[in-house]
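Letters A, B, C and D name the chains as they come in the text, with residue numbers starting at 1 for each one.
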Amino acid sequence: MTASHDVRVGFIGSGFARRVQLPALALVPGARPTAIASGHRANAAAAAQEFGLPHVFSDGVELARSPDVDLVVVSSTPDSHARFAIAALEAGKHVLCEKPMAIDAFEASQMVTASEQHPDRLAWIDHELRYEPNRRRARELIRSNAIGELRHVELSLKPYLRGDGRPQAFDAPWNWWFDAARGGGILGAVGSHLIDLCRFWSGSEITHVAGLVETFVTERKDETAAVRPVTADDYASCVLQTGSGAVATITLSTVALHGPGHLGQVTGSEGTLLLGGETTLELGKSGGPLEDISAPDDLWEQTKPNNMWARSFVRLMREMVQVIGGGTPQGEPATFRDGWQVQRVLDAIRGGRGVQLD
Amino acid sequence: MTASHDVRVGFIGSGFARRVQLPALALVPGARPTAIASGHRANAAAAAQEFGLPHVFSDGVELARSPDVDLVVVSSTPDSHARFAIAALEAGKHVLCEKPMAIDAFEASQMVTASEQHPDRLAWIDHELRYEPNRRRARELIRSNAIGELRHVELSLKPYLRGDGRPQAFDAPWNWWFDAARGGGILGAVGSHLIDLCRFWSGSEITHVAGLVETFVTERKDETAAVRPVTADDYASCVLQTGSGAVATITLSTVALHGPGHLGQVTGSEGTLLLGGETTLELGKSGGPLEDISAPDDLWEQTKPNNMWARSFVRLMREMVQVIGGGTPQGEPATFRDGWQVQRVLDAIRGGRGVQLD
Amino acid sequence: MTASHDVRVGFIGSGFARRVQLPALALVPGARPTAIASGHRANAAAAAQEFGLPHVFSDGVELARSPDVDLVVVSSTPDSHARFAIAALEAGKHVLCEKPMAIDAFEASQMVTASEQHPDRLAWIDHELRYEPNRRRARELIRSNAIGELRHVELSLKPYLRGDGRPQAFDAPWNWWFDAARGGGILGAVGSHLIDLCRFWSGSEITHVAGLVETFVTERKDETAAVRPVTADDYASCVLQTGSGAVATITLSTVALHGPGHLGQVTGSEGTLLLGGETTLELGKSGGPLEDISAPDDLWEQTKPNNMWARSFVRLMREMVQVIGGGTPQGEPATFRDGWQVQRVLDAIRGGRGVQLD
Amino acid sequence: MTASHDVRVGFIGSGFARRVQLPALALVPGARPTAIASGHRANAAAAAQEFGLPHVFSDGVELARSPDVDLVVVSSTPDSHARFAIAALEAGKHVLCEKPMAIDAFEASQMVTASEQHPDRLAWIDHELRYEPNRRRARELIRSNAIGELRHVELSLKPYLRGDGRPQAFDAPWNWWFDAARGGGILGAVGSHLIDLCRFWSGSEITHVAGLVETFVTERKDETAAVRPVTADDYASCVLQTGSGAVATITLSTVALHGPGHLGQVTGSEGTLLLGGETTLELGKSGGPLEDISAPDDLWEQTKPNNMWARSFVRLMREMVQVIGGGTPQGEPATFRDGWQVQRVLDAIRGGRGVQLD
C-alpha cells in the first residue's frame, strides 16, 4: 500500500527500466512507479501491465511533463538523454539520468545548465557504484588515509556482462548499443562509471587523458539477420591523471573471452585496496598480506538480477527518495556536473590515439 | 674444460653481470667468460676473482677492443650502452646489449648504424623474454592462429621484483636506477621488454603511443644516507596500437605493494592466452574454460636466481653462441633494430601526458 | 527624437561600451540607450551623464532584469559574460555579447542553452567582422566560387591596436586584460574573431587544432605602479583545419613592435583574396595580378574611433535592431552557438603545445 | 687554371647539380668539378660534357668511392641521401648533402653516426641560408642583442619558386618532388631551411611542434601525360617553440597564387627584423620606424639563377673549400647533427594534426 506522499516515479525507456529498475523499485520504500514511456509504445504498455503502472506514454517529453510523476528516470538511449532530462527539469521534476549522460560534453553541459536552473530539483546521474558497499568503503578508507597518499589505480572489465546480467558475448545481435550515434559502446556504458569512480576516490578532477577506443567487431546482424555496421567502440583503454597527481588505467573489453570480470587495484603510499569482481574488497598494508574487508551487501539476492548494479541502484534510489523527502544525503551522489566532467573525459578518449610514430 | 674455439665472453658492468649473467654462463656450452670491465675497477676485480676471469679492465672500451674477447655483453648503465656497443662492433666483436638499449632513439639509431655496418657480427638486445618458454609458445600459438585474429593485450607488473630476484621495495636506496640521466626507471627496465613482446607477438610495429610515466617517490637516500632526488620514473602506463590494429595496455609499478607480479592476457577473436607470473600459460577457446598449457622450463632451479629472466638469458646465450658458431637461430632474437623500435616507443611515452583538459 | 517603439539598449560594462558602443548607437536608427551598469557605479554614472542615460545600475543582473531595457549589450569582462547574458535571456531580453564569449566552453555551452531556451530572443556574439564590408565581400566571393575551392587562409595581427583605437604598446599598464581568470589575452580578444572568420568564410567547423599561446611580458605595473603578474597570453599562433579540408594559420602578437596590422590572405584553387589592414581587399585570379576590389565603407569617418570595429559594430547593431523589429537578417550574425564553436577552439589552443621532442 | 691541390668535387644527381651547383662552382676558387653520377647515365654524361667533367658514373656509390673525388655533393633525391652520404664518408670523402637530409630521423641519425665516425671529414647540410648575407646579419644582430630577447618569428613562402628560379606553378608536371617516398614535398624542400634558420637565429633547439602538412593537388600528370597520385605535401604550416622560449610560425604553400614570396619577421623585446623577399633586411627599434639595413650581396648577378640560394651556395662552397684546406669556418655551417635536429621536426609535423575536436 502506498501513501499519498510517495515519490511517483516515471521511467523513460522500456529496456533497462523494465529488466532492472522497475523490479528494483519494489525495494525502495516511499517510491511508487506510475508511468513509463517508450517510442515503441507497445513495449511501454507491456511493462506497464507487468508492473501495474497506470500511465503509458509514447513520448518521453510527455512523461516528463506528466502531473503524475515526481521523479523521472531517464533510461532511454543516450542520444535522447539531454532532451528528456532537460524537459523533466523544466517541468519541475527530479531526474535520475542513466549513463552515459549524453552524446558529448556539449549536451552534457546543457543538462548541467538545466539542473542548475532548478537547484531545488535533484538531477543525478545513475553512477550507482558510489552506493556499492565495497567501492564506498574504498572511498572512506582513502579519505581516512588508510592507504596513505593515493598513487595509482587500475580498473578493468574482462569479459563484459551487461548490467542486466546477460552476457555481452561477442556475437550479440546488433542493437542501438553498437551505434555510436545513439550513444552506444563500452566506453560510455562502463567506462563512464569507472572514470567517475576515479574522481570519487581521488576527490580530484581528471586533468590529462591518453588512450583510445577501438571497434574490433565491425559488423553484426540485427534481429532480422540483416548485417549492420558497428560504429560504437567494443574496446577502450586509457591512462588518466588527476589534479592530485594520481594516475588511473582503465581497460574495458566486450570482446575478451575470459577474465576475472571487474578487477580494481588501488595503490597508496602505505597500502593497497583490491576489488575483486562485484563483492570482495581486500586491504593490505605495506609489507603485510591482503586481508578480506569486504563490506556486506544487505541486498544480496534481493534484486533481479542479483548483481552489484541492481543492488546499488536500490540504494541510490532509496537515497534519492529520502533526499526528495527532505533528508540529507548519506552518500555522495553524482550530480549532472559530475556527469559532465566524466563526459569530457569520454570525448577526449574518443578524440585521439596519442602520438603517431610513422 | 673449454675448447680453443669457445666463444670468449667479456662483460662490461659488474652488477647484473656478476649476479646473474656470469653464473648463467656456466650453463652455456661453448661460452667461456674471459674478461670483465667496470669503472669501479675493484668491483670488476672482485667479480674476476669469483669467476676466474683472466682479464680485468677499468674501461669498457678497452674490453671491447681486447683480443681476448669475441662477444661483448654490455651490462653497464644504459647511458654508456651506445659507446660500448659501438666500440665493440667497430672492434669486430659480437654484442649482446642490455636493455634499455640507450638513453634515447638517437643513440639507439647510432647503435643500429654500427650494427648494420658490421653485418657479420651479431648485435642483439637482451630481450630474453623471447626465449622464455611460455612467451615463446604464445608467439607460436598466435602465429598458428590458435586464438584467431590478435585483438588486445594487457601486460602488467605489480609489484616489481628486480631481475636479480631482489625486491625493489619502495624504500630501495638511491642508485643509478633512480637517475633518468643514467637510464634508470621502470619503463626502460621492464617496459622495454613488454613493448618488445607486443611487437614479437603481433609481428607488427607500434604506430600510436598514448600514456605517461610518473615518479611518485621523489627522493631516496643513497648508501651514505644522503638524500638524492629521483628523476627516473617509478611508474608507467601506456596504451599502444600496432600496425596490425591490435591494442596493448602496459602498466608497471615499482611502488605497488601487492599484486600478482607479472600478468598478461592476450585476446584474439577465437581465444585467450593468459600468462600468470613467470611460469604459467593458459589457453581458452571461445566459450570454453582456460586450460593450463604451461611450457616446461628445462632450466628450472638451475640458475641463480631461479627466475625467468636468468633462465631465459641462458637460452638466449646458448642461441647466440650457436649462431656465432655458424648455426641458424631457432628463435627470433631481438636485433639492434628491434631495440631502436622499442626505444622510440619509450621516448614517446616519456614525451607526453595526452590531451590536457584544463 | 526617439519613438516609443525604439529598441531600448542597456550596456553592462562602462569601458568599451562608453568609448565605442555608446557613441556608435547614435548611428543606429531605432535604438535608444537607456541604461548602463558597472561594478564601479561611478563609472556607470559618468557614462550615463555623458550620454544622457536615465538608468544606472551597479549590478549587471539588475540591468538585465530592468523593465527599461529590451536589448542587453554585455560588454563587461569575459568572466562575467555567462552570468549577465543568461540573466538577460531569462528576463526575456535580447542579448549582444562581447567576445571572448566566456571563460571556457562549459560556460559558453551554458549560454547556448539559455539562448536556445528563448528562441524568440536574439542571442548574438559581437563578431562584427561579419559585417565588415571587405570581409563580408570575401565571404560572398568564396561562396560564389570566385577563387575556386578554398584551400588555405593566413590571418595575422602585428602589431596590435586595441579595438578602441588605442595602441596596446607592450608597456600597457596592467588591467583585467592581462588576467587570464577574468578572460584577458590576445587569443580571446582578437583570435576569437579570426577563428570565427575562418568558420564564416569556409562554412565549415574547425576539426583539428594545433598551436599555443605564450606570455612574453610576465609582469606589468598597474595604475598604482604596483607590479602585477600577467597570466593572460600576449601572443598566440595556431594552425586549424576545417571539416572542408581548408587549413588556417592565425598569428597574433601584442608584443610585436612593427608590422602591417591586420593582414589576411585567402588561397583558393583558382584565385587569391588579400585583405590589407582594415580597408583594402584585393582579388587575383590564377596567373593574373591582384586587383583592388575594396568594398566602400559607408560609415567611414562617422564613428569614433574611425576603425573597422566601430563601423562594423554600427552595422551589426542596425541589423540587430531591424531583426528585433521583425526584419530578416541581411547578413549572417554569429549566434551563441557560433560563439561556443569558437570557444572550444580557444580552449584547445590554450590546452597544448603539440608534440614534445625532448 | 686549377692547381693540383684543388678540391675535386663530384656531384651525385644531375638535376639541381647541373642547373645550379655546377655553374656556381666556377665562382669557387680552389674547387674543381671532376665527376658526376646519375642513375640516368645519359643525364650525367650530358652534364659532364657541358661542364667538361672527366668522370661519369651511373651509381652514386661508385662516385663516392672514386679516387678522383675529394668532396661529394649529394644532390640526388632525398631517399638516396643516406646511402650516398654514408658511402662517401666511409670512403674518406667530405660530404655536402642537399636537404631534406633524409626520409626520416632514423636515416638522418645514421648519417650523423657516419659523420661522427669520420670527424676529420666535413659532413655538412646545404643549408645555404646560413650564408645568405641578410639572414646571417640577422643572426649577428640577434646575438649582439640588437633586438633584445628573441620572442617570436614568422616565416612564410607564398608563392613558391623553385631554387633554380623556375616557378613551381600549381600545374607543375609530376616528378619525384610529388612523391613522399622519394622525399618530395614543400616541407622538406623549404621548411627544412626555415626550421634550421629558427635554430640558427635562436641558438636553441626546437622542443615543441604543432602543425600539419596537406596535399591540396592530389593528382598531377607526368611528362608522358599519365596521371600520377601526389603523395608529398604541397602545403605546410606549423608553430614551433624553442628551448629558449621563442615561438616560430612557418607557413609554406606551393599552391598559393600570389604573395610576397619569402617574408620573415623577427620580434625581440627591443626591436624588429624584417626580411623581405631575398634581398632586403630592415631593422626597427621599439617606437621607431623600420630602416633598411640590407646587407650587400657581393655575388649579385654573378650566379645563374641569380637568386639567394645560388649565391649563398657559392659562399657556402667557398667556406667548405677553405675549411677542407685547413681554414677555420667564418660562418656556422649546418652539420649532419643540425640536419638531424631539423629532420625530427619534419617528422613531427608530418605525424600529427593536433587536437581533434569532433
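In this section, contacts are C-beta pairs under 8 Å (C-beta built on N, C-alpha and C of every residue); 3 or more make two chains touch, one makes a residue touch a chain.
Computed from a predicted structure; not experimentally measured.
Return the chain pair with more inter-chain C-beta contacts, choosing between C-D and B-D.
C-D
Measuring centre to centre, with centres taken as mean CA positions, what chain is farthest from chain B?
Here the answer is chain C, farthest from chain B.
Just the number, please: Cα centre separation of chain B and chain D in whole Å.
So the centre of chain B lies 41 Å away from the centre of chain D.
Take the average of all CA coordinates in chain B, do the same for chain C, and state the distance between these two points in whole angstrom.
Between these chains, centre-to-centre, one finds 57 Å.
Quick check on chain B: which residues sit in contact with 2+ other chains?
351-352, 355-358
Which stretch or stretches of chain A touch chain C in the complex?
105-106, 109-110, 112-114, 116, 340, 355
Sort out for me which residues of chain C touch chain B in the complex.
By the definition above, chain C touches chain B via 351-352, 355-358.
Quick one: in the complex, what on chain D touches chain C?
Touch residues, chain D against chain C: 151-152, 154, 156, 158, 170, 205-212, 214, 216, 235, 237-239, 241, 243, 245, 247, 249, 251, 253, 255-259, 265, 267, 269, 271-272, 274, 284-287, 290, 344-345, 348, 351-358.
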